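Chain nomenclature is as follows: A, B, C, D and E, assigned in order of appearance, with residue numbering initiated at 1 for each chain independently.
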Amino acid sequence: MPQLRMTGRGLWITALIVPPLAFVALFIVYPIFSAFAYAFFDWQGLRRGGFVGLENFHTVLFVEPYRSWTLNAFKNNVIVFFALMVLQNGLGFILAYALWRELPGARFHRIAVFLPVVLSTIIVAYLFKLFYHPLFGVVNLSLKGLGLGWLAQPWLGQGNTALWSIIVAQAWHMVGFPTLVFLAGMQRIPGEILDAVRMETESEWVKITKIVWPLVAPSATIVFTLLFVGAFNWFELPYIMGGLDGSPFGSTDVLGLYFYRTAFGNVSSGQQDFGLGSALAVLIFLFIALIAGVITTRLRAREIQI
Amino acid sequence: QDITFWSWRQEDRAAYEQFIEAFEAANPGINVKFEAFEAANYNTILSTALAGGTGPDVMMVRAYGGLENVAAAGYLEPISPENVPALADFAAPALAAESVRADGKVYAVPFASQTQLVIYNKEIFDANGLEEPQSWDELVAVSQALRDAGIIPFANGTATAWQNETVTFGLGSSLMGEDFYDALMEGSTDFTDERFTGALGEIAAVAADYFPDGFIGLDYPSAQQLFASGMAGMFIGGSYEMATFQGLNPDIEMGVFAAPGKTADDPKLVGLYFDGGYAANAAGANKDAAIQFLNYLASPEFGQAFANTLSNISTVPGVSFDNPLLAEVNELNQSSIPYLMLAHFRYGEPSGSVLIQGEMQKLFAGETTPEAIGEALTTGLAAWYEPFQK
Amino acid sequence: MSVTASTSYYDRRGLLGTLGRDGLLQIILIANTVIMLAPIVIMVFSAFKTTPQIFQSPFSIPDFTHLGNFLKIWTQTNFLRYLLNSFLVTGVSMALILTLGTMAAYAIGRYQFKGSTFILMFFIAGLTLPLKLAIIPLFMLMRDLSILNNQLSLIFVYTAMGLPTTVFIMTGFIRTLPNELEDAARMDGASEARIMWSIMLPLVRPAMVIAGIQNVVPIWNDFFFPLVFIQNDDLKTLPQGLTTFMGEYTTDWGVLFSGLTLSAAPIILIYIVLSKQFIAGMTSGAVK
Amino acid sequence: MAQLSLRGIKKRFRETDVLHGIDLEIGDREFVVFVGPSGCGKSTLLRLIAGLDPITEGEFLLNGQRMNSVPPSRRGIAMVFQSYALYPHMDVYENMAFGARLMGLDKDQVEAQIAEAARMLRLEPLLRRKPRELSGGQRQRVAIGRALVRKPEVFLLDEPLSNLDAALRSDVRLEIAKLHRDIGGTMIYVTHDQVEAMTLADKIVVMNAGRIEQVGSPRELYETPANTFVATFIGSPRMTLIDVERQGGSLVMPGGGAVALDGLPEAARLKLGVRSDAVRLARGADGQGFAGQVVYTEYLGDNAYVYVRLADGALLAARTAPNDLYAPDVQVTVTVDPAGAHFFSAEDGRRLAP
Amino acid sequence: MAQLSLRGIKKRFRETDVLHGIDLEIGDREFVVFVGPSGCGKSTLLRLIAGLDPITEGEFLLNGQRMNSVPPSRRGIAMVFQSYALYPHMDVYENMAFGARLMGLDKDQVEAQIAEAARMLRLEPLLRRKPRELSGGQRQRVAIGRALVRKPEVFLLDEPLSNLDAALRSDVRLEIAKLHRDIGGTMIYVTHDQVEAMTLADKIVVMNAGRIEQVGSPRELYETPANTFVATFIGSPRMTLIDVERQGGSLVMPGGGAVALDGLPEAARLKLGVRSDAVRLARGADGQGFAGQVVYTEYLGDNAYVYVRLADGALLAARTAPNDLYAPDVQVTVTVDPAGAHFFSAEDGRRLAP
């Protein structure tokens, strides 16, 4: 806790900050750090053994097969992050820009674009699983209908398409969020600034790159950070669509699944090991916190007060 | 006394409530509260509750490695013929499945065995004049005939990871043969064995030709649906599927057979394993009542009701099977090898199941060879399975 | 600068050369909307179909009088009870999240005091923690607080989970509010609390809406924590109640979809009803 | 060369009509100033000319070509906005360079033009600051500079000086006048400031509630306002209007005296308008003229104005020498310089020919 | 009763010093106007008085009590901000009611005061509008209204009229003057507008670059400016400064003629300051006086100003009758009215006693 002089102002700030801080401390930080402590013990299933220092970390990072599993899951997370950055945020920006123009029907489009966001991941996962169904899925049926039958794929069954299929589902689900955040950012740009640009150029490209984009950067900070954190904590969608193992053969495995499976076991194939699971969780946490911290501070630095 | 009873069999809620009613009637003063949880998260919930000291009095636990996870931590009350007399009559492999290897103690009353075999649609077979195949060639011929008739031969898909294991051993047990199993257990061979890898090759070939288009992207419920709706002729799976199929399509007429070996002379083997058991919480408040309940769960009348209502092969000795299909499965069980990975290779990480599920997916997708799988399994398991550590 | 003005200032119908570009944007929007809505429509349609129908004709318009799937859910589960519980838990959690989150964000965003960066970092760190891992310590904590099998356990966890994002989003936003408003209110004699409540909070509504949506959906849909914390059927929330129920129907896609439809319906309906306010709230941040 | 014609321009925002049909010709190199009360539609009209808002009805021609659907950047028009509209993420230099670069000027040209504008507007020390680091006045100057560097044909300025201090304002005003002479572009200028309007304009357009009340040179507007609106709007202090009745060659304020004037119009009842410089005050309530009472005196250095409450309640401003101050409540007699008397219809406020 | 003393007030923002030591006494019921170039620190000083920013150094006393650490709301001070600072989510009525309610007034009182302020500022039809639905001028009026309703002891106004049109501005100016008389509070007023400063102020404070240049009544500043800064800052058009040499009783502009004046100060070289109303022009280059050439003429209706370029390059403004206009480039001779001549040191610009 910082040193606060207990003046009226200090008291007021304290009163504001302590209850939320207490909640987070009690219900997140304390339990998580208790769980992190597991990482330093040897576990046999649910039984805690002796203190083993960093051995669990060593195991998940350097001992086969964990090493390849860790690397594979991490690689997939990186793919997911960059893919979503383009698909979700890129598309979100374009959609926001289109919505911002207040073309006829914009109100309806705005509602529609955000609708999937309010759906649960379970629904989205089931829906897309059905869509990707190799026999009856609408994706393959549509392709066949268009005479592109040779493009039909067992989307979720192939190593090279499964992850991307899930990423597309994720982008569909969440694209509304960056869209509206960007839209809000765009609408906070004073109208006269836009007028000023229009006096100087008609080029949408210049307008977007030189004015709109820099001015919505504050929104972008939020979107980027949340996406980063979300991408590396990704769990529900691959869990339902690919299974806890990251089926097929680990091509949809991500750190979230991997850590959960390691800690709690997979009913149909694996064992429980809290030690290794926690070690993974600690590593994931450190990684995310570090990068998210960097993103936030770097991006925040170039925020602009309009 | 109130005791709680946790299960992952949400679909069996009604049946269990019936069993409990019977128990409560016979044991006034004990109330059993049944709670069913989503199977996929049951592990997590149970572990959490046990670690938190508020676990249920009686619970369903997995067998083999899954049991050890829980039992080794001391959460389960050991049982023996002393407190559960009926246990004395149970088959040894069933009890072994619910024991911890280190202390040899039994921790749960095994409730069912499951058999991995081939289920087929009798109507379709009859309509096309097909018989249960006796050799691998006949299996292929039957499949081809179905396919020619516009019917999907096998309904199975392998997008759901654990289905790969089911397909492998449901279809391959006879190909691998008892010799291989014995040799493996002795430690005189490993998974690079020709008998094993050869079987994988045959399985992959059949899958490529006779599984649905894009089967590697087909998930488990869809596969079930294909079979239940009569669009496919056969389904490689466990005996537990039959109830589901019946539920999905009450009119379906099913038959079962053990997948054949190379020739008609090879013994036809099914893959057999014990599903799980009922255990009592070592820290439970009402341990007496819990043990009493376990006694009921080990009793022949429960076993019979269990078999009748849930269409499962109860492990309680002396249960008879009215359902002809069940009786047939029970018959097939007489010639079996254990469901390999679950029974023997789930005691460490990476487990045999993890490995074979992933590797078979690769094989089906054409990204590996049977020999490479043998290699991968052997070296992978060597991480903790001593006989493989050269 | 006013928002309404800014949007209409940007209205350029009738100007040459815009038709093409606007047309392209319009096509993008329409395509996107179709893509956004189709899956939802299919879900609703499927809820009225039998499983074979779903498999054979996923796009066809169903017979809307076929209510068998819904009936199954309605009669075999405590649907209304679950729904009420979900409303209760989500509502209370959201109220707490927004209240506490705004408090913290306001303190961090509006006042300069030692340690504010650290506190922000503390919250942001909370954003990145994989709380599923902490399920066992959390469970023990709930046990020690005697709120296992009590919806408070859910409310507390959800609140704590929602705070980091909320603080994160709101702090950034609160910092951009003009200082002069605060000055003006201070001159008017408003106390710090009053300034926050009457002047600043109405202006941070857009951020609150963003933070709210960001949190309400996962909370409404979560079934992991209730699964572990709640065993009493009367206390279960909708997703938990339904997943438990649907566990018995893994292969009955019809029932599955009607379950999904039912659990999604309340939030979709609320969203559609409130979408005007929601979108207005989210995008009406402009202050001169 | 830039000649603008507005023909029957109307503007409607959703349901509100803001402009009700504006007809206006603006010649090449003319300096036109729009004045009018707040909210009368000056900015709106400017925006229509700029092309920032679509014209609801009517035509806007630039050099004879219909401009209604030409985008703003291709009209050769630059604009300075009322609220600066600087790009907050660019420093002063970049703000000014942005438009110039987009015009395809090369780096040196851009730099030279910015240097010139910066010198003119005393922005040199601020070139590397961001808008938020500038005072209101400094921002306004940057906004002017930004338009300057583009050297447009038509120059629209929406109250460009409203945030400058008096000294700087008159300097910049002179600079703008000079700029107009130098680059010779057509300028359209919106202001609230009388002095700006009078001194800069070749032609002043007086607007009221979405209509043009009068167009003319500063002198025309000052000397022959078309109606009471223009009469009271132009000139400071504002013209006093007195309701009078004509009795022969005299104008009688009921209960407040009378003045004799030549060349009265026909009407029996009319409004007499007098500016502060057409009024003579005499202490005491004796002579011929309107009786009144001094309310207070404003000292302006080179002038002073005495405000007199007449019998009918009107407040009359009279210019006096700065050392000829009247104490409050003194009784005075007001006479009117015939050359400075304006007559308006009592009904509709139109100017009546004398 | 409100008496303010500023003692050695300094203000530093991080590394920049904005105010360098301000000493100022403001009496009860006084109307003080701060003027000065943009960025000189007027708003900053106002904010220190309001208590919105902490004073870096020095003391601010209100009625003899040290106020440095009293919160703004307990100083009995109201403020109108340069950028309005209206509460965007409240309508006009609520904006005005907010402060009044916080003062504990009951509903009727609040309503009555708002009604009064609204009438005074012509806001009645706008009471239910949100700030974003108002024009710039309307917003400014609401901001004034909001301060008005609180009837504070000290009233701070930061350029409250800068967005009003001329007609409305003079009305509101009169209202503010009236308001000051009525409620009798102390008023501190920042403006760029000469007229506002001259007409409203009991006392004008001229600031420059964070320092006070002169404090005095409008007449004092106009008639006896303490230095060239004040001399040129106050008065419009601005005073012309001419570098001259004294030769006996004459002031000689090198190469540009000479004028004879009485009561010259001792210095051999000095700056002669003349305002437009102390200058007489004669056509042709004949007589006694400075020679010059007309640059252009500004017509203002009741006055006209002729700008003359003198031999040393200075631009001199001369007031003439509106119908006595000079064409550009005409040669003229400039003479100076002795009563209107100001003398300043050639070195530091201070006023030299005649």
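Quick notes
The working rule: a contact is a pair of C-beta atoms (placed from the backbone, for glycine too) under 8 Å apart; a residue touches a chain by one contact, two chains touch by 3 or more.
Protein names from UniProt, one per chain: A, C = Carbohydrate ABC transporter permease; D, E = ABC transporter ATP-binding protein.
In this text the structure is predicted, and so the values were computed from the model without any measurement.
Common neighbours of subunit B and subunit E, by the contact definition above: C.
Fewest steps needed to get from subunit C to subunit E, stepping only to touching chains, is 1.
The chain occupying the central position, as judged from C-alpha centroids, is C.
Centroid distances built from C-alpha atoms place B farthest away from subunit D.
Of all chains, B has its CA centroid at the greatest distance from the CA centroid of subunit E. Chains A-C form the pair with the most C-beta pairs in contact.
Chain geometry summary: the mean Cα position of subunit B and that of subunit D are 92 Å apart. Rounded to whole angstrom units, the spacing between the C-alpha centres of subunit B and subunit C is 41. Computed centre separation for the pair subunit A/subunit C is 16 angstrom, with centres defined by C-alpha atoms.
Averaged C-alpha coordinates give centres for subunit D and subunit E that are 21 Å from one another. Contact of a single residue of subunit B with at least two other chains is seen at positions 39, 44, 47, 51, 222. Contact of a single residue of subunit C with at least two other chains is seen at positions 1-3, 5, 8-9, 11, 17, 55, 136, 223, 243, 253, 286. Counting partners per residue, subunit D has 47, 51-52, 71, 82-83 as the residues that reach two or more other chains.
Those residues of subunit D whose C-beta lies close enough to touch subunit E in the complex are 35-39, 82-83, 135-138, 159, 162-170, 177, 192-195, 198-199, 218-219, 222, 232-238, 275-277, 296, 298-302, 319. Contacts from subunit C toward subunit B in the complex involve residues 51-52, 55, 135-136, 139-140, 143, 148, 223-224, 227-228, 231, 243-245, 247-253. Interface residues of subunit C facing subunit E in the complex, by the touch rule stated above, are 1-5, 178, 180-181, 183-191, 194, 198-199, 202-203, 286-288. Within the complex formed with subunit B, the subunit A residues making contact are 44-48, 64-65, 129, 132-136, 140, 152-159, 243-245, 247-250, 262, 264-273, 276.
By the touch criterion given at the top, residues 8, 39-40, 42-44, 47, 50-51, 62, 65-66, 68-70, 72-75, 157-162, 165, 212-219, 222, 226, 346-351, 353-354, 357-359, 361-362, 364-365, 367, 380, 383 of subunit B touch subunit A in their complex.
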